[in-house]
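After this come two complexes, each holding chain A, first together with chain B and then together with chain C.
Our next item is the complex of A and B:
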């Protein structure tokens, strides 16, 4: 997971990386930051010409009774993942309750299952994976319950039952779930405490407000990654997404500009992919909830097909949902749930959306075919062709 | 006395911070690039 160590950055690139050093304050007018060396507790001012806020995100924590008990974990950093792994190895818990059915929650459900644990998952929403439409999320839920995950949807977390400072049950609006361990997968919020204290304006969902060059509204201060806003190419509006790919893209733009260049962030279309219990899940563009929120008339098409030629070994089911503007037919979103080989097809759709292709144009793409990779008509072609017929 | 190098300070050594540091230094090797990371690790994918 660690692609390059601090020592490598220092030696090979002459970048002065100081780990265990925390910035505790910013004076934007004086252009300096207050830094604490966490090993010695020594504090010092460091001057800057250009400053980048890359403070990341923090996991959302529930404000319910018992939330500060021990035995409640999150996995938002490499360290927190390592810490949880040590707990699992040392204590060998037999059960876990996961709060939140997003990417982290579902990926951790699989990890716990692989350790032979009894896994329950609670979410206040009526579906898992809120970034999918409900009909597509149902396939994911079925895969989880088939593997033995106990799903409790439409159930709000009300409290943690605590004994001797340690959580022993999760109390929902419907039931009490006894457990050895709790994992929080409730999503993240931008970590903007420092920015807020320094008077750097915030925007979408509390992320640092930036322009397309990743500049904040304060002279000499930039922001990138999970603490910063993005913008959605389909709406042109500010958009918040916490993803490593986006963080790297933000970083490249900010780094170029801080070095005197002129780069612009090209925005996101909401592309994401994951795998849960051998089921591949991918999405891009706008989903039904978002389109309804925008009041944008749209049509959609859902199909079921095969990941490879149906007769070919390893061929599996794939579900594709595609959404397009009702008047123009321009593709606005796509979602894929299926067996091995299904998910990376989403990149075709992310490309189609960026190029503003219509459903008809997608249905006429010259996509690759050979039996190990696809049925004769790729599932995307099938979905796009049916979708195109719905447009006046 | 030489003139002080232009200094870029980055708060956070994960994906965004380290990719910005790398790109800035590559684009302008005369920059002084400092990264402050409160934890023990730097980026896992920059």
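Our next item is the complex of A and C:
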């Protein structure tokens, strides 16, 4: 079925794409999959030489009363996004409660605000954006409340109040929030039902366990994307992150190897970026909670500066937090929250972390300056310089 | 005069700033300077413990007939910029000829365009922006001509035509350009008259020669900023660049050492950035001309991509050129020309070059992706991946 060498691949070229066909079972010893045609419901076995698991992730749903009522939406596929937009256009709801203060929850908060809706956001954690340290997440929370989002943090979802099969309120540990619509943004879990049933070993957070070639522990079976685990360059340990960039990098590695090449996944350092209204948010490396979990002594520095020369039109605030190993000064993490032009600076830190630069080395980088782009001392340089002073 | 230790410095705090006083001579053996009070013309010797040369740079002026006529301006100090703006406001000139297609020349072209003036630009080189490779500079030239700048490249300035002491035309090797005003943007040279007279050795392009502590070869004399040389991290060789960032870094190092500390200048990798109209231009590392001059075998890759996800509002074109050592793949240079959001990406390359990453390592960096910030594969990743394929 699958070409074993690049030559065979080139000879074939043709890819047999079959829509409405679903794999419902895998026999890894026989190297065959059970496929059902969703139009005819006919089932058949199909042999493979190499098999790629790319089953993605599934959104987490709360197991609370009323969770299956109508009026509760998620945005985990293109189709689910289109469906929700149609609902918004047709029903013109005036309010929404968002459950979960991660990337999806916050981006959807913006989308609802732009439609003039009243937006409430509930999260059981004491902060939004758990991938940031709490002091940095506070800037995001303030931006949301400034724009009119009602934030209810440290409040667990307890139930959905349902009337005629339709949600009309969200009940938390502390209040009842009447609403026209509920949006779930509780994160995702790797979709590994098939793998589990086939006895393909799972690892980090239930994702398919792979080596650096994206091979599973079963001969002839590979995994890539949101269903597969990654590894973190800073810890060398398995790591799970459901991001398009990582999925694409997985895919290149798995595809190269399945076609007879030799590629290795270089791991992730935990880089992520988003924009909520005009606020840019980015992070890379390990955050305080992760470093504490590893028991790794570290120092950190937080600064406030400008995205451009302070006098330049469009200059805005930027907050930078940088974390480094307490003994060696090697940079371990960075977080940025700021106005336009702030976030993509995180790439410098992702590069510095990959290259194992110290805070001092970062403070001595030859970064670009011109008034439309940066203050004379780039905010990263300022943060790194102060951080370097904390290394004994 | 000068505190010898940080403790002394803190004890003194007070800095004796004397405006309208000029140093007109240095006797390094006696550790004293000749100072003239420009208000009274009184002269006096003044002793020093440590002396910092921070005399900056002087703009290059052409030695052609008519060069001392009125109507010929430069913008090399704050005062000269203010003076020119007053002239523009008062005389409302309708045309300008700019001599020199570097940063100053191009930024002034934009300023003149914004005032509705007819702008011509003359450069003896076959391209604008000599710090870019010719293929990348072509994008800048096109942006200028698209906006109505008349570019005359490969044309040497031969004379200024003068009437009643005032310039009225620029005469090149090929034409006469009538104009109301001339702007010189021919670059700068280190201002080292005093150093030269005092026997302080000069080095790269006539700048004061310094070691990594910014000490000159004369005991007790230091130099920093546009009058002092730097060194290039990629070649280890002396290098001259007149940039505010570099000058500031010089100053910190010299100041720390003069006050009894121990700091070392970490060198430059040749990073620079500018914006001309809406076009962003950045470069770092060594360009083709420099690599050829060093006889260093290299490979290069140029790509065109988007600043943001192609479908995202405000997404624009970005051109990236990347150069790497032909044998090792270590990245040696990068150039970026593109729309908003393009240029600051150069910092990733400055970091990668400082850390001696290979093109393959850059292609595997965990850079940030979200539609407002980048296509899924960042343009730098795309360029690095294609470049890596050229390494044997």
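The definition used in the following text is that the second predicted complex is superposed on the first by the 379 of 392 C-alpha atoms of A that agree within 3 Å, B and C clash if a C-alpha of one lies under 4 Å from a C-alpha of the other, contacts with A are read in each partner's own complex, and residues count from 1 in each chain.
Following the convention adopted for this analysis, contacts are C-beta pairs under 8 Å (C-beta built on N, C-alpha and C of every residue); 3 or more make two chains touch, one makes a residue touch a chain.
Not measured: the values here are computed from a predicted model.
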| request: Please work out whether A:77 is in contact with chain B alone, chain C alone, both, or neither, and reply first, second, both or neither. | output: first
| message | Let me test your reading of the model: by the given contact rule, A:53 touches which partner, first (chain B), second (chain C), both or neither? | response | first
| So, A:273: does it touch chain B (first), chain C (second), both, or neither? | second
| said: A:284 in the overlay: touching chain B, chain C, both, or neither? Say first, second, both or neither. | reply: second
| said: Applying the document's definition of touch, where does A:145 land relative to chain B and chain C: first, second, both, or neither? | reply: neither
| query | Which of the two partners, first being chain B and second being chain C, lies in contact with A:224: first, second, both, or neither? | reply | first
| said: Applying the document's definition of touch, where does A:15 land relative to chain B and chain C: first, second, both, or neither? | reply: first
| request: May I ask you to decide whether A:374 touches chain B, chain C, both, or neither, giving the answer as first, second, both or neither? | output: second
| message | Just checking: does A:92 make contact with chain B only, chain C only, both, or neither of them? Give me first, second, both or neither. | response | neither
| task | Show which residues of chain A both chain B and chain C reach, each in its own complex. | result | 244, 248
| note | Seen from chain B, its contact residues with chain A in the complex are 6-29, 31-46
| field | List of chain A residues in touch with chain B within their complex | value | 1-6, 9, 13-23, 33, 35, 38, 46-56, 77-79, 194, 222, 224-228, 244, 247-248, 250-252, 254-256, 258-261
| said: With touch defined as at the start, can you tell me which chain C residues reach chain A in the complex? | reply: 233, 243-246, 248-249, 266-275, 280, 282, 284, 341, 343-348, 350-352, 354-355, 357, 361-362, 364-370, 372-374, 376-378, 380
